[in-house]
Structure formats: structure tokens, C-alpha cells
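In C-alpha cells below, several structures.
Next come two complexes built around chain A: one with chain B, the other with chain C.
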Partner chain A sequence: MHELLLYGQLPAARHDQLLNIISGVAAMQPDYTLERHVIFKPTRPLVQSNLLRGGVVKSDAQVVKTKKSAQSTAGTERADMYHVRLIKRVEEDDFGGDVDMDSVEKGKGQGGGSKGWRLRFEDVPEPGKRAALLRMVDEQPFLGGEISGYMEGLGYKPVTEYIVEGHRAVHGNIVLFLHRILTRPGAKSISINAPLASFSDYIPMDPANGYLLSTTVRLSDGGIPKLVDMGMDELEAFRRMMLGVIDLDQPDRLALDTRVK
Partner chain B sequence: MNRPAPHRDDGKPKTEPQVLDLLRQRTETLSKSLETFLNNSFLAPQDPNGPGLPSWSEFNATFSTQTKNLTRLQSDLATHHAFLLSAHIHPNATFPADKDFVNESLLRKRLAPEVETWVSKRLKTGKALTQTEDVEEIGMGAEDWKSLWDFAGPEQERIVKEVFPDIMGREDDDEDYGEEEDGEDEVVGMEGRWVPPAVKLRDLVQFASIGVIIPEPKIPEARGGPVGGGMPGGRAR
Partner chain C sequence: MTTTGIFHITSASNTASGSSNPLQVLKDRIITRTNPIPIASWQLDHRLLQEKSLTDGGKPPQRFQHLLRLSHHPSQLFVAVSPPGPEGEKEDAKNAVIALPVQQYNPFLGLLTSKFAAIWGPQAYLQVVDGMAYGAGEFQIRVGELRQNGSSTPDRGIICCIEATHAIDDEEDSLTPEEIQDLEGNAKAEIQALWTRIGFEGAKEVFTSGSPDGDAFDEARTWCDLLKLR
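Up next, the complex of A and B:
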């Protein structure tokens, strides 16, 4: 799957206004979403995990990764390694669990278990001048099992955790997500099994409490130029419609670089 | 009773506001005639000594009028079914629609009478000031007013700079927004000044992608720096 992306930033004072505009444009009540994101970093080169590549969940993303890196780094001995992330949709009730690291480590944590997690891989956006960023993404839901151990076995360790809070609406083929990132500065260790702290412990990453509007068109296949053009046209039409309301722009491609440096 | 023809072609509403206006008319007619019926026949009957009920012929006439009204409304609703389904008055549940003056002012076609009075009064005053021949009397002519306005803008800017030096300073420091500044000012016009966000878009998306923010290299040429490993062919020597 591929994605076309544009972003817009806005101050907190305009959040409600833009939310109203978005719901008007999309003719729907936006869906309030809380998501828990945990970013994983590979600890060893991918080559060692070749044996696991025939495995269940990760196969697509990894096959593409290896193919890509085989092409791009043909001359170098080290293949690129990518961050991946686990995402889980949470509810307000899930916050405020007892953060007792002992019980977590003993496997008694109440983090909601393995239900609802999905693994997301995002490739570096493709180079070239376009009206929007184009990147390959892959998402696979976990059906069950011990995810923490599975990720460890693949050679990934969790590095950052944050909460994404926002409203999602759909306009035509465009997914509009007006959101902000909340982090918990005091967090000591990161584990997907750990229960969430109380909601007030999470503070906006932007001290000015600004919001981000991401507009995404999802393409079943980014290799079909006609499909990419159709998505681009729709996104461009939306960008034009929003002129004077919010500026939609693409950030530096390399800011979305998920490779391990 | 004959079913009324849905629309004559000439009277057909073309645009969406016209559709809404047509529906407004239809419902208004319906509500008005029901009200009249209620008033005339029950609350204040023509014959105070009557049985307190409308006469048969009156009832019959009202019934056929109301049926006509309802049929028209129904057929209009059916014709513009698609548009009406997608139309909704409040963009969001948080819209303060329960405060009735909000809806009323939004539904107005013209300015409220008191606002109109206010506007015309001010316009008159302005006209009198600029068009008066007798410059001596007020001491100001049209030219003088114009130059006063020309002076007021920059002067206000100067005073703001003096009073809030930190606000003005922040804008100058942030050179990254320098190029976009002009465009932003137009776009964010409704908020007044464009205040650069505390965290840049680049940093936000980078944090969202890999969980850390790698500072941008200061000089564009120095790409071999912190992010050099990630640049395709960046290490070529």
C-alpha cells in the first residue's frame, strides 16, 4: 500500500474552528481517536533475521525492505535498517492504570494484552518533485500472541512511546486527521504491556499546544502512475479548497526517514 | 382532488440556496394556513354561538388546501432529495446552536436594523468630514484625513514594537519562516498575526516517525553532517 501525504500546522486557538470546517467539508461528525504509538528500533542488522522472513506477520514489509536495500545499497556491506511502530487504538477509560513496573515485568500487566495492536512500517518518502509526499506503508494487525517477545525475537526494541489524540474525518478518498502528539516526559521504561498512565500525565509535545492536520490518500498500488495521479489531483483540489483556511504543505522528505542512522 | 403538478419548468429552483428558499416558502405557507385555521375556527370562531367546531364546508376547504400544501412540500422534498440529505445546518455538535441569536443572525438576509442604523450614521459622519468645503472650520480636509491614515499605520506598528519587543523579536529571529512569511500573513489573516509554531512541522513529523528529533544541519551544504548516513550517495568522496 502507498500513501500520499500533506500536512498543515495550526495553533491551538484555531483547533475548534478547523474541526468545524472539516466536519462541514466532509459532511460527517469527526471520529474522536486516541492512539498509542510505540516506536521500535532494530538492534541488529536485518541479515541475521533472514530465517524469520518466511514468518507470518512481517513478510510483506520485510521482503520489500530487503529488495529495496539490495538495490540501493548494492555496493555497501550493511543493509538499511528501519524503525517500525506498533499502534493500538485506546479509549479514555484505558488511561490511569496503576503504573507498577514490577508487575509489568512479571507479566501481570494490565496493558490490554495483545488485542488491538497493529504493526506499521513506513518507508522513506520517494524522491522527486511531486505535489504531495508518496511513500510505501505496510500495516498488519496482530491477531494474538505475545507481541513483546515476538518483537524482541525479531531484533527490535521499543524506543519511544507517545499518544496521538485527534479527530478523523473522511472526505472523498482523503483521510483528514486533525491531531496532536502527547508524550509522557517522566516515563522510565517503555513496554507495550505497561498500562497507560493517567491522561493528565501526558503533555502535548508542542509546548504551544499546536495541532497538526494530516491529509492522506491511500493507494492500493503506488506503482500505477494513473492511480497516483488521481490521488494527487484529489489532494491538490482539497489543498486549493482549504486555501485561506489552512496551508497544506509537504515537509522535508528526509524528516520522515525511518531508517536507522 | 387533483394532484398539483410538481413544478412548472420556469419556476424550477436552479441553485441550492433557491431550493432551500423554496422549502422555506412551502413550510411557511403550511404553517401560516394551519395557524389561520386554528385561530379562525377554534380560538375565535366567526359564529360565537355555534357548536364551537368549524362548519363542514370550511373544514372541507381547509382540508383540501392543507393536502395541497403537504403534497407540494412532499414533492419538493422528493425532487431535491439528494441535496437535502447532504445538507446540514450545524457543522459540528459543538456549534452553539442552542443560543438562539446565533441561528437568527445567521439566517438574516440583511443586516439587523440597529446595525444598519449604526452603519449609515457612521457613513454620514465620515462623508460630512471629508466633503466639507469649509476646511477652516474643522481644520481638516479630505487630504488631511488621508495623510492621517497613512501616518497611523506605521505609527501603530512602531508603538507595538516598543510595547511588545519580545513578540516582534521572535518573528525576526525565525529565519526559517522568512520566505513563507508573506503568504502566511494573507492566509492566517483571520487570526491577525502569524505566530510561528513552537515546534516545526519537520520536527513533529520526524518525532512521529522515529521517536527522536535530529537537529537540522545549519548550512544546507553541510549535508554530510548528522544526517549524512541517510542521504543517498551522501558519503561519496
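Up next, the complex of A and C:
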């Protein structure tokens, strides 16, 4: 599955105004959403890839040696390794409570445990000049089982965790998500089974408390140009409609690069 | 609570007097000796992936990932993976098993082989053909021929799985661990007795360690251990 993406930023003071505008445009009450995101990184070290690292003048003998070693490793695939994330929808009631070691071990407790997680994989956005960012995404819902054990076995360990708080609405084929990211500074070990701390412990990641509006269109197949154009046109029409209200733009492509470097 | 026994008959261990179609012989024996009711056809799909070695030419670690689809658990795709850590560190470290919606079989397999290719490489693809499920009293018997796709030796023998269900009173926490072990032991003995009645010798036997909850995951774990064929 592919995704077309545009982002806009706005200060906290305009949040309510934009929420009203979105409700009007989408003709629906936006859905208040709280999501827990845990980012995973591969545990195995990154193997030196065949990337050309420029800027070094080598003697002929050294160049030959590098070429030979590159050839000998050319047979094995130097595939990229990616970060992945696990997302779970949580409710306000899931917050709060002390971090109790017993509950952590049993995997129970508010906001933790094995139910409701989905794996989200986001590829590097495609290069090229377009009206919106195009990237491959894949989401796999986990129906149950030992998810924490599975991620470890898969070769991944959790590195970051944060909460996304926002409102979601749908306008045609576009999903509008007005949200901000909350983190808990001083969180020590990260585990998907750990219960959530109290909501007041979470502070916005942005010190200015700004909000993000993400507008996304999902495509079943990003390889069909006609489908991509249809999605682009719809997103472009929405962007034009919102001129003067909010500026919607593409983020830097490499800022959304999920590969391990 | 269910206990499942899985019996794997390879052609080497097959003692059915050199018959050219051991699966049919087994089905006939089941029908004549246990008087069952046919339920439905039975399918199994198993993909094995192996973790790639960290360095070129290094010995590949013995860690596997399995994708398992069983037609008697129609809505779930089971994914099992061996725990990390050096081989033999924890002798009885069990595979972690999760479930995905079965529609995600091809998308998830594609994701693993393309985007996780740095860590996992596809290894084997096993399928059960001509499978049949029978109900015989409190047992469910499923048989089929195991074939490996895309291999020079596609014939991998016959698989027979016998599942025994026992009803438990629906009172919470009413079973002590000893009672659970007793039930388990009884079920295992019953399944073995049934297998002896069917009369195929030389099969490799594995049993699920029954637990009151998470039966399907235990069963998937047992299947994956067997279907590694190593």
C-alpha cells in the first residue's frame, strides 16, 4: 500500500479554530484519538554498505583493492534495514497508575499488554518532483500472542516511545489528522507491556506546543500512475481550498527516511 | 481444553509394506478402525525463514521464523520466531507466537522477504495436499500428504494430527496445576491409544503441552517445531 502525504503546522492558539474548520469541511465530528507509538530498531549492527563515500583520493593500488573487496561482497545482498513502529490506540482511562513491577511482568496493566497493537512499516519516500510525498507503507494488525517476545525474535528492540494525541476526520479520500506528540522525559526502559504513566506526566515534544495537520491519501497500488494522479489531484484540490487557513507542504524526503544508518 | 498429537510418517519410517500410496492406506485404516464422520478437507501452509548470518561466509545462526496457516483455525495466520540469544543458552526457550489476520499472509510474507531481507531469508515452503479431517467421538483426526514446493525432494511424508477435546467446568481457577497435568497425561495416553489402534508404526510423535488458554498458540508452536524438519 502507498500513501500520499502533505503536512501543515500551526500554533496552539489556532488549534480550536482549525478543528472547527476541519469539522465543517469534513462534515463530521472529528474522532479524538490517543495512540501509543513505540519505535523499534534492529538489534544487529549495520554492515558496511557499498555506498560510495567520496572525498578520499586513493592511490591506484588502493582503488584496485577496494574494487576487489566490493566484488567479493557483491554476491551477498546489502539490503537496507529499517526502523518499524508498533502503534496501539489507547483511551484516557488507560493512563495513570504507578509503574508496578508485577503488572509489567504479567503484561497486564493499563495501556500495556498484548492487545490492540499493529505493526507499521514506512518506506523511504520516493524521489522525484511531485505535488505530494509518495511512500510505501504497510500495516499489520497483531491479533494476539507474545508480541514483545516476537519483536525480540524478529531481531528488533524498542528505542523510543511517545503518545500521539489528536483528532481525525475524513474528507473524501483524504484522512485529516490534527495532532501533537507527547513524550515523557525521564522514561527509563521501554517495553510495550509496561503500563502507561499518568497523563499529566506527558508533555508536548514541541516546547512551543505547536500542532501538526497531516493530510494523507492511501493508494492500494502506488505503481499505477493513474491512481497516483487521482490521489495527487484530490490532495492538491484540498491544499488549494485551505490556502489562507493553513499552508500544506511536503516535508523533506530524507527527514522521513526510516532506514538504519 | 484441547491436547493435540501430531504424527509424522516419513517414507523412510513407513512400514506399510511398500505401498505406493501410504496416505490412502492411512485413510482407509482410519475409516475402518475408528468409524469416523468426514468433516471437511484440510489444508496447511508453512513458510520457513532463516536468519541470515552477520558476516559474509559466517555460519548462519539457527534461528527460524515460521508463517503457518491451518484450515482448522481459519481466521488466523500464526507467526512464530525462535528466541534470540546464542544457541543452547536456554534449552527449553520456546518460540514466541503471534497471530495476524489470515488475509495478511501474502502481504506479510512480501514485507518480510523484501523489507526485512537484511535479516531474514526464505528457506522452505511446505504444504499439505489431499488433506482430510474426520471426527471420531471426542477426537478430531486430520491427515494429509506433506509436500515441499520448489524442492528436488518434494515428498516429505504423511502428517496425521489427532486432537482430543475435554470439556472443563466453567469455574475460574478450578484447576490446579496437578489436575491440568493429569488431564494432559490422560489425553496424551488416549491419543496414543487411538494411534496404536490405527496401526501405523515408526511415526515421529509430538504433543502439545496443553494449557487452558492459548491453545491455538501452543498448537501452532508444536506444528512449527515439527515442520522445521531439522
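Quick notes on this one:
FYI, the second predicted complex is superposed on the first by the 216 of 261 C-alpha atoms of A that agree within 3 Å, B and C clash if a C-alpha of one lies under 4 Å from a C-alpha of the other, contacts with A are read in each partner's own complex, and residues count from 1 in each chain.
By our rule, a contact is a pair of C-beta atoms (placed from the backbone, for glycine too) under 8 Å apart; a residue touches a chain by one contact, two chains touch by 3 or more.
Only a predicted model underlies this, so the values are computations on that prediction, with no experimental measurement involved.
Touch criterion met: A:Gln140 reaches chain C, while chain B stays clear of it. In the overlay built on the shared chain, the residue A:Gly116 is in contact with neither chain B nor chain C. In the superposition on chain A, contact is made by A:Pro42 with chain C only, not with chain B. Chain A is touched at more residues by one of its partners, and among chain B and chain C that partner is B. Residue contacts after overlaying the shared chain place A:Glu152 against chain C, while chain B stays out of touching range. Shared-chain residue A:Gly244: touches chain B; no touch with chain C. When the two complexes are overlaid on their common chain A, residue A:Gly223 makes contact with neither chain B nor chain C.
Once the two complexes are laid over each other on the shared chain, residue contacts for A:Tyr7 go to chain B alone; chain C is not touched.
Shared contact residues on chain A (touching chain B in one structure, chain C in the other): 72. For chain C in complex with chain A, the touching residues are 51, 54-56, 63, 65, 76, 78-79, 81-84, 95-101, 104, 107-108, 111, 115-120, 217. In the complex of the two chains, the chain B residues touching chain A come out as 86, 88, 91-95, 183-184, 186-187, 189, 191, 195, 197-199, 201-212, 214, 226-227, 229-232. Those residues of chain A that touch chain B in the complex are listed here as 7, 9, 11, 13-14, 16, 19-21, 23-24, 27, 29-30, 37, 39, 41, 72, 83, 122, 127, 159-160, 162, 164, 181, 205-208, 210, 212, 243-244, 246-247, 249, 251-252, 254-259, 261.
Across the interface of their complex, chain C is touched by residues 42-45, 47, 72-73, 76-82, 121, 123, 138, 140-150, 152-155 of chain A.
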